[in-house]
Amino acid sequence: MTETELQRLLDDVRSGAIDAEAASARIRQALSSAPFDDLGFARVDTHRTFRQGFPEVVLGLGKTPTQIAGISERIVASGQSLLVTRATPEAAEAVRSVVPGATHHVDARAITLKQGDIPRGIGTVLIACAGTADLPVAEEAAVTADVMGNTVDRLYDVGVAGLHRLLHEHRRLLEARVVIVVAGMEGALPSVIGGLVRVPVIAVPTSVGYGASFEGLAALLGMLNSCASGVTVVNIDNGFGAACVASRINHL
Amino acid sequence: MTETELQRLLDDVRSGAIDAEAASARIRQALSSAPFDDLGFARVDTHRTFRQGFPEVVLGLGKTPTQIAGISERIVASGQSLLVTRATPEAAEAVRSVVPGATHHVDARAITLKQGDIPRGIGTVLIACAGTADLPVAEEAAVTADVMGNTVDRLYDVGVAGLHRLLHEHRRLLEARVVIVVAGMEGALPSVIGGLVRVPVIAVPTSVGYGASFEGLAALLGMLNSCASGVTVVNIDNGFGAACVASRINHL
Amino acid sequence: MTETELQRLLDDVRSGAIDAEAASARIRQALSSAPFDDLGFARVDTHRTFRQGFPEVVLGLGKTPTQIAGISERIVASGQSLLVTRATPEAAEAVRSVVPGATHHVDARAITLKQGDIPRGIGTVLIACAGTADLPVAEEAAVTADVMGNTVDRLYDVGVAGLHRLLHEHRRLLEARVVIVVAGMEGALPSVIGGLVRVPVIAVPTSVGYGASFEGLAALLGMLNSCASGVTVVNIDNGFGAACVASRINHL
Amino acid sequence: MTETELQRLLDDVRSGAIDAEAASARIRQALSSAPFDDLGFARVDTHRTFRQGFPEVVLGLGKTPTQIAGISERIVASGQSLLVTRATPEAAEAVRSVVPGATHHVDARAITLKQGDIPRGIGTVLIACAGTADLPVAEEAAVTADVMGNTVDRLYDVGVAGLHRLLHEHRRLLEARVVIVVAGMEGALPSVIGGLVRVPVIAVPTSVGYGASFEGLAALLGMLNSCASGVTVVNIDNGFGAACVASRINHL
Amino acid sequence: MTETELQRLLDDVRSGAIDAEAASARIRQALSSAPFDDLGFARVDTHRTFRQGFPEVVLGLGKTPTQIAGISERIVASGQSLLVTRATPEAAEAVRSVVPGATHHVDARAITLKQGDIPRGIGTVLIACAGTADLPVAEEAAVTADVMGNTVDRLYDVGVAGLHRLLHEHRRLLEARVVIVVAGMEGALPSVIGGLVRVPVIAVPTSVGYGASFEGLAALLGMLNSCASGVTVVNIDNGFGAACVASRINHL
Amino acid sequence: MTETELQRLLDDVRSGAIDAEAASARIRQALSSAPFDDLGFARVDTHRTFRQGFPEVVLGLGKTPTQIAGISERIVASGQSLLVTRATPEAAEAVRSVVPGATHHVDARAITLKQGDIPRGIGTVLIACAGTADLPVAEEAAVTADVMGNTVDRLYDVGVAGLHRLLHEHRRLLEARVVIVVAGMEGALPSVIGGLVRVPVIAVPTSVGYGASFEGLAALLGMLNSCASGVTVVNIDNGFGAACVASRINHL
Amino acid sequence: MTETELQRLLDDVRSGAIDAEAASARIRQALSSAPFDDLGFARVDTHRTFRQGFPEVVLGLGKTPTQIAGISERIVASGQSLLVTRATPEAAEAVRSVVPGATHHVDARAITLKQGDIPRGIGTVLIACAGTADLPVAEEAAVTADVMGNTVDRLYDVGVAGLHRLLHEHRRLLEARVVIVVAGMEGALPSVIGGLVRVPVIAVPTSVGYGASFEGLAALLGMLNSCASGVTVVNIDNGFGAACVASRINHL
Amino acid sequence: MTETELQRLLDDVRSGAIDAEAASARIRQALSSAPFDDLGFARVDTHRTFRQGFPEVVLGLGKTPTQIAGISERIVASGQSLLVTRATPEAAEAVRSVVPGATHHVDARAITLKQGDIPRGIGTVLIACAGTADLPVAEEAAVTADVMGNTVDRLYDVGVAGLHRLLHEHRRLLEARVVIVVAGMEGALPSVIGGLVRVPVIAVPTSVGYGASFEGLAALLGMLNSCASGVTVVNIDNGFGAACVASRINHL
């Protein structure tokens, strides 16, 4: 039972479309299931939609295709939406053999299947990235935000070395309700954008770069030290996490 | 001219309380001032309220009391609210000699003066901290959120080693619109809170600890790697930054 | 001659089942062997069972399959139990060609063969892990604890982002004599468990994660800074080491 | 109500020394108090003795003398034993003004007051340290272990550069039930001791050293990579934490 | 004999104002001095002006006031210009007691005395800094560039969080022959300026910041990873080094 | 329209070879194009030649061959010169299938095509490297400097362990207008060369080395701490960046 | 002309076996060659034997097989001994195709060819290593010491976890003139050996280990902080460097 | 009984100056004392002279003046030479109150007292340092080498930025039997010297520098990666350790 279904049931009770007893029975049935589903190697958190508004998401990293497919099957079977991140092509194949309707987003390295009513976020989540090489992370954020019910606007390759490319799109920046900024190397873009907008900015450092970028450390430190207020930071390459927070904000 | 004053002026135009010409004159006068005020050692950003909803904030670190007092005086003279962070007692004295009405928050190491209409945030900003030693950072966040127009709820010393202290206050967690979590040492509290709420969680690592805490690095890395989604991170000991983002979110 | 065999021999002397002279001869023979066995590339410590209660364990990392097989053969030939950790499939094959009865635990990347009487530990060693990707390390701990004579209880995928999965198993936590907690990413699980139990907790950081997890550094630092008392830490991914200490404790 | 008091009460019930009703009343009274005591800046965990066998310990670091004295007073008032670590002379003075019977251990930088029945540990906790400069950390461990009910044996200045100083005391090593090894610089002592004993070894890296010791990092890494099995590690300079685990083990 | 004096002497020979023999004598005299002046604790490089166009500069850090004064006296006695960097007030006093004409630049923590003809650089060296706290480093650069014969333009407090403060001065940027950019925290300013100008940009990270700025490491890494081409980097807080290179470029 | 074409057009106007109206039309046409060319995954900065004297350069790292070829095609189509760095053989093949005239420099891992008038630098750019393994980085610098219009002098394998190899070429050092020094391991060469010349020295640390070179970190730190003044540093292995700055200097 | 040949020539002059003129001619001929041999990609230092007692050694890392073979050919052609370290099988094949008599030491990853008279070192170079996985580095040291004219004694797998394996060989330790100690993980062996002998100890940290060994960093730091005096350290895995110093000492 | 005294006794036995029985008695007496002297806080290693040729040295760091004086008194009382390093003025005063004849070397921060026959080293230990600020470390090395019986040659302020200062003293370099090179900042001096001499070079990185010198880390890494063979390294600022090894070598 998703949150929306619960809401509807209660509306039906109020309107008299269903009597209280029947409603009560259905709610008790939903709650009587264990709050997680034990697969041995994983405990799928089946009540997460109730607690946090979106079902458990599967991080593909470090799991075998078989494990990913097994967890995905349970989530889908329980009527919830599916999101797998960091999915290899092998994992995608394994998932689609048990969840045929799932989509594999190659650029974003993600697998999705939308089910049920997903509540819409209020405004637009703008996703800006500094360079072409940041695309996989930006797309992970975009796919995540989309599957969680948000309208997404993409603004790619607007790094600070050619500032006019960004200023040219000033208006799109101002129209967003939340901005996700994805950048590698020195990670300066969030500071510049943070100084131009008044909405929250979520910075995602990427591992794009070489040498003293130390796999994204330079960008991460840069973003943590941003002189622009209004900027928060997530882990290196964590497009998913950024979109998750953006969606929480956009649904407030 | 603050944002609220501008809004009122336009309302007055619509209602006929003021004629368009007079309104236009007042707006032109406001805009005719340079967008910053050059003090030689500092360029005070006088249009920041328009761009971002709150005037420039003075970071006390690395500035002399004289410089801090000079900048504070200009901000107050322009009719805006004042917030100085990381203020030493010497800086506080210097500021109060030129801005007699300013308040020195000793625990928070901050100086404030509210002026004009500060738009109210919609809900409550809850500030949780793990231990007593995290208090200065938590208070910096609390004072900042307050001066920016937010209702603040403080939940202190609820670290994960005694989980019942946190679970006991589950309801206050659920009632917040944004949660700021301040923690040093291993910085585990945001992960636990992130799993309990559905609103955005802003994690502030502190330099509380010793040895392998490496001045807050352990807490910072822990928070960046949080397995709970919905958590973003700011710099070590950056209570101000966290409150700033929380306020942006709470004013959406 | 294992420790148990020595004990029995002495019991037999006391009971008269064997005369002192014969017993003395057998003990002298055991001691007459050198305290190590020099293979040129390795000196197998043949007296370790006497000193520490379990024979030398072979760390597979950085050794060729031929070297591993050679050492394994000697250990087994001396009548002792065998444990090889970090064994590649090639190493497993090489070992089994000379020790046909050995078992290859694929998940745990370990090879074992039990020989002689292994003294039983007193209570249960509980092994908890935060996520599915931590399984190989948790299994290394489980296989090690088992081969050293301990009863093992597995509690997997109980990370702090879904706290109810852990609290649901509170009783199993309280019934253990030692708890091993395996976690990657922010490594917060040992702090939470450390606050719930009164027995020693051994924390094993894993390299599970990406970006600012820095191959397990984040989890390691988190665990070293645990605000819960009663927690000690071993090297990243060192399931073997944790089980080793747990077994020492469980045999006290 | 300490754990021992509870045990006695139940014994009295069994023996008939007290009737069940009266006992029930006393237990209910104990449980009716909140599980923590909210001082505003701190939530003293009053049920910790029940959960973990020893009351909450006060880490002096980062707390003001006033805060430390306030918390100490509550703990003592509730009839429990007091342990404050990292106590400055100022903190000691503040505590003793409200808890006159408390002892200030200058070398160990600790404050203690024993109250009630503290259950005795089974064997001896041996505390070895490598050099004279490691003494403050070793003493913190010794004072902690003592106040928690353990017999302590001190073996100081036995670093590996003069191995005979350690081997000379081999017998004391073998007689301990748990060994705490405190060492700075390269931190090699736990590896050597870990290879000589069969009981658990808890290694405490110290910040003793200079240059590439990086404030204890060298010792910490050395201990984490110990080639001797049976060694676990706590935070740099964390004598308290080591003793805490040792005591848990010694009370099993 | 400075380079200019040598040039003049040769001009005089050509014009006949001095005969070759006398000129030769004077040159031989200059060369007959050892290429360095051995003070026991220091070897003053007296030929550096010939090799590199400016005499040896005294880094005050780690030298006693007496040593600094001793070296300064020798440099001045040989008719060359003096520059001492990182001079404490004590060092300044010691130098001025032996070189009464020297100037102490308090903000820049430098001591200077100009002597002889210092060749002028061709264009302007622009020194931009991000915030008020970067001033000491920026001033060290300014004083150095000035004493080496360059026209200096100061552009202070133009950090990227308020981009209009920088864009407002676009023209001054375009008029410089070399640009030095001084910034702490995330160090993003050089990337933005590097994208706006076509002359070389020398980036100076400063230790301004806190927490994850790690004493300037964040700014340093950011600048090394600048996505703008044309940016090179010097050590943290090394205003002197930046000005030195700028002067070399400006004298080409 | 390149900068040289614009200069010629204006010369023609002055000389009367073209009338003002026609010239104006051509300039307006050039300006009417957007300042960048949006390919979806990239925004090619078409005005960079105007702003900075050389068209946008393509960093091959992290881009697919298809993306690299697409961007290259646009740059060449607009009549500008092409430089792709960090090009894999696959990328080179893809580029040459759409830009048949392009050259693949295998050692330098670069692709170039010269088009139009490239303004010549004034003097020579000397590129010194410490060892044979530094060659790829040195060649990247050499190819970059060449395509940007500079005369290049190569001085390879002159590391400080055999100082006579360098001193033997003292004259070539003195004849250069800018010196690029490429070195891995301890990165000492720039300090030695910095003390011998009076022109700017640009140091490029390389990842050549092993163990405690930490992928070039040792060389990077060494160069940043150079005791020779006049040395600036670029990112590890960034031959391109060094040549870029050298070219800016050489064109002043 | 090697050093020994020069010595002999001078002896012959003294004994009258050759007249001074002829000797002079031969020496002049030797000196008339350039002090290095320029191959374009490398400058082979042909006078190194004169300066340092052994010809230039080829570090295979980062050089192509063709380059390695080219340099090797020149060294051998000049009558000097050859040592190539870090040689891949491909490099070995390439070298042997041009230097058929060369030996490929597979374990040591080295190629050698002895030519001419190599002066013998005075005593024995003992090479101890802690574990089997340290063998490649120990063998690199052994092969290097041997080709430089030293008697080598190998003492392998004597790590501190089983101290009796080392103490059993105490006499061999005392008989050496220099001791090289190779160890990974916590790198404690040099401290223990340093306390037992009075000759110089050269410690070689290896990258053997995992997790918090950080590729040899733990061992490196441990060795640098050794509490035993008389220990110096070389780079991680640098068996060659250790043997080089040992040989210099052994030839004093 | 020092080593020299033992040697003399045995000579006397051989010459008949003392009969074997009396000699045996004296030796037995010497050996009958415990191999260390237990002061509670320290175990003074009284047999170290026998094992390693010089008595135990007292590292002043982290010990109280009282502890230092206590240990010093014992060492002197046993007839051995005294060396205390890292001695504060307070420690010096405390030592001299119990060992009146001791010398306090202020620059070197050391205390010494020579007693008995100290065997002379064979050649000269040359101590070179790069800059004036490295003097305290160089002097610690010089005082240590001197008290251990070596002839010391000091060559100060010969850093690589002014190479002629070093080359000017080439002959002194060639005359040394061991060279200690002390340098901070980029630590390049050992590489240059290592390429000029054929004797062992011991490199001592110092914490001299700022910013990216990271308290000596840059110099340390540089020295570990030296491209010159024949260089070994000790801890940052460890002048004592370097002299210790130099003395071992010089006494071979």
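Order as written gives the chain letters A, B, C, D, E, F, G and H; numbering starts at 1 within each chain.
By definition in this document, contacts are C-beta pairs under 8 Å (C-beta built on N, C-alpha and C of every residue); 3 or more make two chains touch, one makes a residue touch a chain.
A quick note: this is a predicted structure, and the numbers were derived from the prediction, not measured.
J.: I need the common contact partners of chain C and chain D, sorted by label.
T.: B, G
J.: Identify the chains adjacent to both chain B and chain F in the sense defined at the top.
T.: Expected: A, E.
J.: Compare the two sides of the chain F and chain G interface and say whether they are made mostly of the same residue numbers, over half shared, or of different ones.
T.: Counting shared over all numbers used gives less than one half: different.
J.: Quick check: how many Å separate the C-alpha centres of chain A and chain H?
T.: Each chain's C-alpha centroid was found; their separation is 62 Å.
J.: Round to the nearest whole Å and give the separation of the Cα centres of chain D and chain E.
T.: A distance of 56 Å separates the two centres.
J.: In whole angstrom, how far does the Cα centroid of chain B sit from the Cα centroid of chain D?
T.: Taking the average C-alpha coordinate of chain B and of chain D, the gap between them is 39 Å.
J.: Once you find the CA centre of chain A and the CA centre of chain E, what distance in Å lies between them?
T.: 50
J.: I need the residues of chain C touching at least two other chains; which ones are they?
T.: 131, 162, 195-196, 209, 211-213, 217, 220, 224-225, 229, 235-236
J.: Spell out all pairs of chains that touch, sorted by label.
T.: A-B, A-C, A-E, A-F, B-C, B-D, B-E, C-D, C-G, D-G, D-H, E-F, E-H, F-G, F-H, G-H
J.: State the interface residues of chain A toward chain B in the complex, per the touch definition above.
T.: Checking each residue of chain A against chain B gives 51-53, 57, 177, 195-200, 202, 220, 224-225, 229-236, 240-242, 244-245, 248-249, 252.
J.: Over in the complex, which chain E residues touch chain B? Could you list them?
T.: Listed in rising order, the residues are 131-133, 135, 156-158, 162, 164-165, 168, 208-213.
J.: Would you tell me which residues of chain F are touching chain H in their complex?
T.: 130-131, 159-163, 185-188, 191-192, 194-196, 209, 211-214, 217-219, 221-229
J.: What part of chain F is in contact with chain A in the complex they form?
T.: The touching residues are 35-36, 40-43, 45, 47-48, 56, 59, 61-63, 67, 71, 86, 205, 207, 215-217, 220, 235-238.
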